[in-house]
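Read through the structures below before going on.
Shared between the two complexes below is chain A, which has chain B as its partner in the first and chain C in the second.
Moving on to the complex of A and B:
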């Protein structure tokens, strides 16, 4: 199949002939796939600037489309549809409709930073992916992703107490996403531990539930962070031309 | 001579994970330090570094959170802070980098530090090191080899470093500086330390592969696939044990090893242990002392067979 990244072409634009003779030459088989031309008129000219205005999106303009990010990408290796190079290309051209075809997987970036390591132009594609996922949510194109729900729950705990306790993070996340804590693998994990060392484990679990770890004298830091977070939210919404949160 | 070695006494930043799911790493790190005559002084009233989550709310809050910890080290009179967790280590390094290169980060850090009422950290005051740097520098392979009581001889180990120990490259200016320094493409400090303890390190191509830790719960199917690939590759390379140096990687590997078995029906037998647990046992500490019983995966039978613990 001679067309590289064929999955990026809309299926209805692909024309494949089983038998094809052009000017007396039989080109059946390998050379008989064509892409129908199309003209685009609908560009979102603000998209690149908006994503660049969100934290992490700043360097998107530097991309020269070498593809090192996609080549290095952890998620691309298990899902070829996950293609940071292509998304950066679409954003830079303003092809919003094309980008939206992949809106439900962009949040799946695992932040391994292999792209950032490989990028010769310091685009920081990992951060661009996060900014893009953020943009999709703020614009209402996607619901809040599980990743964002997790990050917010985690950060709320940090902002509130200065520290986190990971079993609480887990319980809160499962609750927020409506997942039961009785999943077989989770049960197997905990019971294995309890069987080995029940007294110690139960005491520690009990103590952590009663006394969540916290940083002492954290009140002023908490207030300063909350104030800054609010400021960031307002700035982000403004950059995207949205009303202040809760204004509508 | 021992006297000229650096890092004999350093500030210690365990971080949140080492107080809960990664407690075994905390216990074994402290036990190894004690055994080797190194002093760790825990940062007074530290806070979370922001892990991998806070930066997605806003990266500059993460810079502030990490900088607050660095300012505590400075207040306590230390010029070095040791963080065994890759996430903490990475974020403290990143704060150092951002505060040296980005005016906006400097401004936000000064503002938040001022309002919170503590010293504003300025770059260049405190060096952040990983537990691997600490043991390699303060003790070194020769000294470790001399002090080994139960050699790890014959134990085949795949050394797994994960993402945040080497990426992105620019926040680790001391790496990739030629012989003796750590490599970001093919890290070897853990290999060196465990080889000195007698282990047989296998050639493992996924040393810096990603376990999907950031989405261990929020996209667990992806994480399970990534972890299963790491586990099966380690086994294919002949490893009996995967040595870890990060609580997120460690718990991720253990969690998704169980999940791969329960959800995908793919069982793997490779053991998962912190490198400090392996080193501690080689130095003669018991399995209990290095908290092997606190791991989610059960390696006790395997370790007995190997004459450890």
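Moving on to the complex of A and C:
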């Protein structure tokens, strides 16, 4: 019969000495195998407050671990390791080291919001997942996710000119994520456009790509938006105990 | 018909029964073994009560004054019943001082005894001064001293409340849920957070049973407004690292052992049967139930009856009970006593 506890042993906790003699007894190799303890020895009490300070994390302290979110979760259905209920618990009790073990899947939330409508306590787990992914980035535990890079490029353009230019959004995104611009689907779309689009529109498209028009009298709005965004970002970093300006 | 009703125990149930009888024009004799009326909330120094948040001395004090100032109630303090003879309608009780009183019927409102944490030595009570009980925390609050570690008087940074101490535990012969400890613990946790916002409070639970309307105000409220943290773990052991207490157990949800430092550990102690129940059972010739509380033969037809006709029971003498339900049961027992006397009169008339 398989021993369930074996699944709890983590490889990094297995210690084995290649050459070891204890009181004259040679216990080299697997004879000296030892499993280090798994005890948690403290709570990080700042952690819940940090996540709660980020947009979306405000209601995390309401969670009572019923599991409605995980049960409803689209991603969990595909990957059982994706468990919002569990991560919320780890954050609430400040088990940072445990949370970091899952840092590379937390951002995979697809924001379907099924959890949001299942949660009996209005924790808004989807928003908590966003706040957590954000926290992981700000703390430098994870690189910016592709979706975050896309969002930033997109909003930078809106803030700058009050408009977006699709081709520029795409080019910037592929550049920032190190992907070639010659994506087969993109090439197919562009050649299709050239073949089928009326010349007038093609000329307009081309001009827009070269000159990025701005919304008229945008300067004031741009300044206000920049000021607000900076204010928010500074507050977020302060809540996490980080320097005012990005260290990354 | 002119004989009074004998009430044994001056806690919320007894006070409620005495008041109900007196306002119905019946005489009552209220026998209390301590030197004051009020029962556990007064004698044990409770702070603010669930669910009204009134101070115990005000809320229960009001009940005491109402009874003491009523000429139909004869209060006998520092007294107890040594012998109880006779038939319904003609009971004779011999009190501690040798005097006798006659009574029509009797109501037992003899209450409960708090679980003594010494009986769970692995949780550190009696070994470490900073391991205290919910009753001690109530006293810290009601005395105005505030939450302080008994060892050195410091305000704790971190408090653990362990639920089900002396409840739901076959190892110590206490299989029942004491019903009120979850709510009382949530209430205490909120009071600690209010008095000392820098103190973090953790509640270690197997289940949370803040039943009925207590759910919103106490369970949800303690989490949502006061950020009290609930950890699903039955604690195995409370020890010390020489500086702080160490709370050891398994965090059920993380599937990992925990060994977390705390400044203060609070035992949410349960409600035992009154330690005097064996004596009460033999003096009044009433049967106890399998847990040692005073037994009630019928749940539906005669809620206040015991195994002996003419002897009624109310409140936490019958099992763990809230203050408000004890008061309701006290009134119900008074009603049962009135009915009983009435039926005797009718029978005599026929």
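By our rule, the second predicted complex is superposed on the first by the 179 of 248 C-alpha atoms of A that agree within 3 Å, B and C clash if a C-alpha of one lies under 4 Å from a C-alpha of the other, contacts with A are read in each partner's own complex, and residues count from 1 in each chain.
One rule holds in what follows: contacts are C-beta pairs under 8 Å (C-beta built on N, C-alpha and C of every residue); 3 or more make two chains touch, one makes a residue touch a chain.
Remember, predicted model here, so these are calculated numbers, not experimental data.
Enquirer: Determine, for the superposed arrangement built on chain A, whether chain B and chain C clash or fit.
Expert: fit
Enquirer: With the two complexes superposed on chain A, say which partner A:15 touches: chain B (first), chain C (second), both, or neither.
Expert: Neither partner.
Enquirer: Applying the document's definition of touch, where does A:95 land relative to chain B and chain C: first, second, both, or neither?
Expert: second
Enquirer: Just chain B (first), just chain C (second), both, or neither: which does A:27 touch?
Expert: In the superposed model, A:27 contacts neither chain B nor chain C.
Enquirer: With the two structures laid over each other on chain A, which partner does A:35 touch: chain B (first), chain C (second), both, or neither?
Expert: neither
Enquirer: A:185 contacts which: chain B (first), chain C (second), both, neither?
Expert: The answer is first: A:185 touches chain B but not chain C.
Enquirer: After superposition on the shared chain, which partner residues are touched by A:55: those of chain B (first), chain C (second), both, or neither?
Expert: first
Enquirer: Would you mind checking which one, chain B or chain C, touches more residues on chain A?
Expert: Higher number of touched chain A residues: B.
Enquirer: Check the superposed model and tell me the shortest C-alpha distance between chain B and chain C, rounded to whole Å.
Expert: 18
Enquirer: Going by the contact rule at the top, pick out the chain B residues touching chain A in the complex.
Expert: Contacts found on chain B: 16-17, 19-21, 23, 45-48, 50-61, 64-65, 68, 108, 111-112, 115-117, 163-164, 166-169, 184, 209-210, 212-215, 217-219, 222-223, 225-226, 254-255, 258-259, 261-263, 293-294, 296-298, 300.
Enquirer: Spell out the part of chain A that touches chain C in their complex, as residue ranges.
Expert: 8, 37-43, 45, 48, 61-62, 64-65, 86, 89-90, 92-93, 95, 98, 121
Enquirer: Please name which positions on chain C make contact with chain A in the complex.
Expert: Against chain A, chain C makes touches at 200, 202, 208, 219-220, 223-224, 227, 229-232, 251, 253-261.
Enquirer: How about chain A: which of its residues touch chain B in the complex?
Expert: The touching residues are 55-56, 74-75, 78, 108, 110-114, 116-117, 124, 127, 130, 134, 145-152, 154-155, 158-159, 162-167, 170, 173-174, 184-185, 188-189, 192-193, 196-197, 204, 208, 213, 215-218, 220-221, 223-225, 227-229, 232.
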